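Alright, structures below, take your time with them.
Presented sequentially are two complexes of chain A, the first with chain B as partner and the second with chain C.
Let's look at the complex of A and B:
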């Protein structure tokens, strides 16, 4: 099975994020960048599929600046076979522009399966995976929480509000991965050393027209300080009253 | 509780590390956060090594990581190896000690002094955790003066006959193989010291857990007794000869300990800083009081110095120019720093600082052992003194 995993370089969610000088982007100084956590599930799933089949190839595709090679190498250290960097000075905020570049790369690749994380933690757009499927004319199941592939038939479970939805399609297909799908492995030390020797092909990204820009970024409002309404049983009526009339959660 | 650890890097030292070095560090850091820290308190209180972690540590490549790939090891450079030790000790010194012993004191001597046959037979199994090793040098009456050892190895027609006792042996009761150092000649001749690979199920070999430890509680520390232990001729490490052989192993282990000191110090600083920001007293956070700021500033200064010190030491080791005296300076400095940071963090945390749910006192107790083992702080002072003046004060 030939599997493509599309990954994104994103700021570490543990980093302290400051808004940059233009007010529409972040200040990257001192920020650590990581492999998008949802993409880790996609990489892990691809590796498990390859291991189970005992054959196949896992190709990691990223769009972004040169520094995204480091992100690709994390996936190579986990065990992927080779990487492709679609080079762009920056990752445009327009998901369709990115999807067009990825689709152009994937179209003639002969992939049985194309995996994405269900979203990137920097923009929360949930867009690129499903757009790529549409551009390639392939079936797409998003937010896959459980997956079975028998022969060429895909059965996937999605966690939806109040229940589980089971979807089915045929390969080739595009799937976007949710976090209950698997437990991503750590890049082992031997894997990190081996990743240095694995090839990464770098080519210019054929981005689509960028028709969307981020106008402004603002930090979330500071949380108001909590209030202690009293202690023990005596405080309960007042607490209930406030939850009802002030917080309006009851 | 403190937020997730993201490192202490006041001087942009990350920029001096290669991508692989950072990747190795991040793997170990994440593993410590997710797998080690959730189980360490229970292991520490119950006084045992968390053995369930051994297969994961082996699979990720933590054992003998700076030895070559052809023996099943990761083939890392010495800076990456040091970063592993730093991060493990950020979790717990007992777990770092386990990895240090397996890698630097068991795998290293087999690699450095063993025959090709011994390397091939033991190293892959030690790397994969299939075999656990220990290192028997120190004796009940010979700690800082290992050359005085009275354990003997006598050549027989079939092999070697070992007699003696070893003390303070990390992994002693857990080990499948012991690297035992013994005198093959006269008891007053340290040049006759040779190393032997002794399977711990050999008749006459016993290991007894040392009870009552108030430090390194998540580590197995044992006494070994060798009573007419017969091993074949090929148990001898052929290239070992004289006291300098085991001492060169200690240089390897001490190198890792110097990095470990940074890890323990960072753990304490991280915890103290988070606590100081969040704990309110007299109407403002502890972090707003000058006395606590002085504590934090001292810790950060010490950590930054220690980080630069071990990084340069690692670069020297990779160039092949590192001296044992340079390792002494780093071990002495960084472990002392970790002792101070742990104690100051414990104090900053007030009464909470004595609880197991905070790590400061566990590190504080651990570091007292680390201060004393692998060459006491005082011995390293004298090693430096001798190097500076040309006069040995301990002979």
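Let's look at the complex of A and C:
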């Protein structure tokens, strides 16, 4: 089974994010970058599928700056076979432009399965995986929380508001992965050492036309100073009164 | 190019609440562009469309097909794209719901038009659509300017207020496009008892580590019940510990919520959690640690033992709502 996993380098979710001097990007000084948490599920799923099939190859594809090679190495340390970096110094906010670059790389790869995380926790664009599938003319099930693949037939569950949607498609397919799909492994020391020797091919990203521009970045509106209503159960009646008369939510 | 297409959502033939919000967002854009709003309803024959005129649509377009009773990714996308092309719209507005997040990127490719996801504000600047959206889970607000048309935007649930009174929309048929389905929805398993999703609920009651064990979430469920139709949420710590399902997680690797009221119980307020709920209109925090970061964003806080406070609060809320 030949599987591609598309990953992204993102700031750690525990990072404080400050807007950079130019106002068009974030200040990366002191920010720790990680493999996008949802992509970990995609990498893990690919590894498990390869192990189950007994043969195959897992190729990690990232689009981003040179530093994204470190992100690819994390996936290689988990057990992926090789990496491809589509080099772009800045990732545009236009998800379709990004999807076109990834689709161009994946189109003739002969992949049985292409996996993405369901979203990246930096820009929350939540669109690139599905777009790549559509550009390639492949079936796509997004935000997969449970997955079965039997003889080329895919059955997947995804969470919808107040329920679960069960979908089916055939391989080759593109899937985007949600949190409850599996438990990602930690890279073992042996894996980290082995990853250093695994190849990463670097080539320029063939981005599509960028038709969405960042007009401004602003900090979120500050919440007005709140107050401690009181301590213990004695404060409950006052809280309820405030919710009713001041906040008017009851 | 001043007209706007609003792509609505139905489940089992009934319009979802977010559909009215999509129409409201489309109305807002159309008024600025000087155009009209067409609301598209996709469903099985007989799907209800009556409410959309009142929500602010000038015209309702109904695309009916037997295969459209539940979500059909390929057919829905092709139908939206066909409607968008035939109307020559300047903008297409969808919902950033579970279905919309799957549908909108497909439509973007079919129309070769860029998409702004999870939009919380809409404006125009010299005829161009500018969409505002939180990134880094709300740590930064990004304004995106479209330099092409149509502008595709998917709006975050619970953000745009449905119009109180609107226009008397007329209903017209539009083509249901049914390509060979690459993906088939086999079944929708409804959660029992009309559970409200945390991302769309008007009131969210969330629990964290302070509850000490999964069995104590009964307290959270009871408090949610006291509010009527509140949803239960959870912090990442308790989801990672396996106490609660991932679908309930609020925060940067969970859901971002904007309810009228958010009640955080036994949640200290990690930065990634605050990012997910800071746009709630009113925030209440109950925590034993008076220095917990959650109190910095809470409008009202009670310091103390949640095991005493929560049952009393549920009781008082029930009384207040009954009276």
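The working rule: the second predicted complex is superposed on the first by the 232 of 250 C-alpha atoms of A that agree within 3 Å, B and C clash if a C-alpha of one lies under 4 Å from a C-alpha of the other, contacts with A are read in each partner's own complex, and residues count from 1 in each chain.
Simple rule for what comes next: contacts are C-beta pairs under 8 Å (C-beta built on N, C-alpha and C of every residue); 3 or more make two chains touch, one makes a residue touch a chain.
The shown structure was predicted, so the numbers you read here are calculated from the model rather than taken from an experiment.
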Contacts of A:14 with chain B and chain C, given as first, second, both or neither: both
Contacts of A:152 with chain B and chain C, given as first, second, both or neither: neither
First, second, both or neither for A:22, with chain B first and chain C second: neither
Dominant toucher of chain A (residue count), chain B or chain C: C
Intersection of the chain A residues that touch chain B with those that touch chain C: 14
Sites on chain C touched by chain A in the complex: 16, 70-71, 73, 77, 96-99, 101-102, 104-106, 108-110, 112-118, 125, 130, 133-148, 182-191, 194-197, 199-200, 203, 239, 245-247, 249, 251-254, 256, 260-261, 270-272, 275, 278-279, 281-284, 290, 295-305, 308-309, 312-313, 316-317, 320-321
Complex contact set, residues of chain A against chain B: 12, 14-15, 32, 70, 73-74, 77, 186-190, 192-193, 195-196
For the chain A and chain C complex, residues of the former touching the latter: 11, 13-14, 16-17, 19, 26, 37-38, 93-97, 99, 121-131, 134-135, 138-143, 145, 155, 158-170, 178-180, 211-220, 223-224, 226-233, 235-237, 239-240, 242-244, 247, 249-250
Contact set on chain B toward chain A in their complex: 3-4, 6, 19-20, 23-24, 27, 30-31, 59-62, 65, 69, 74-76, 80, 84
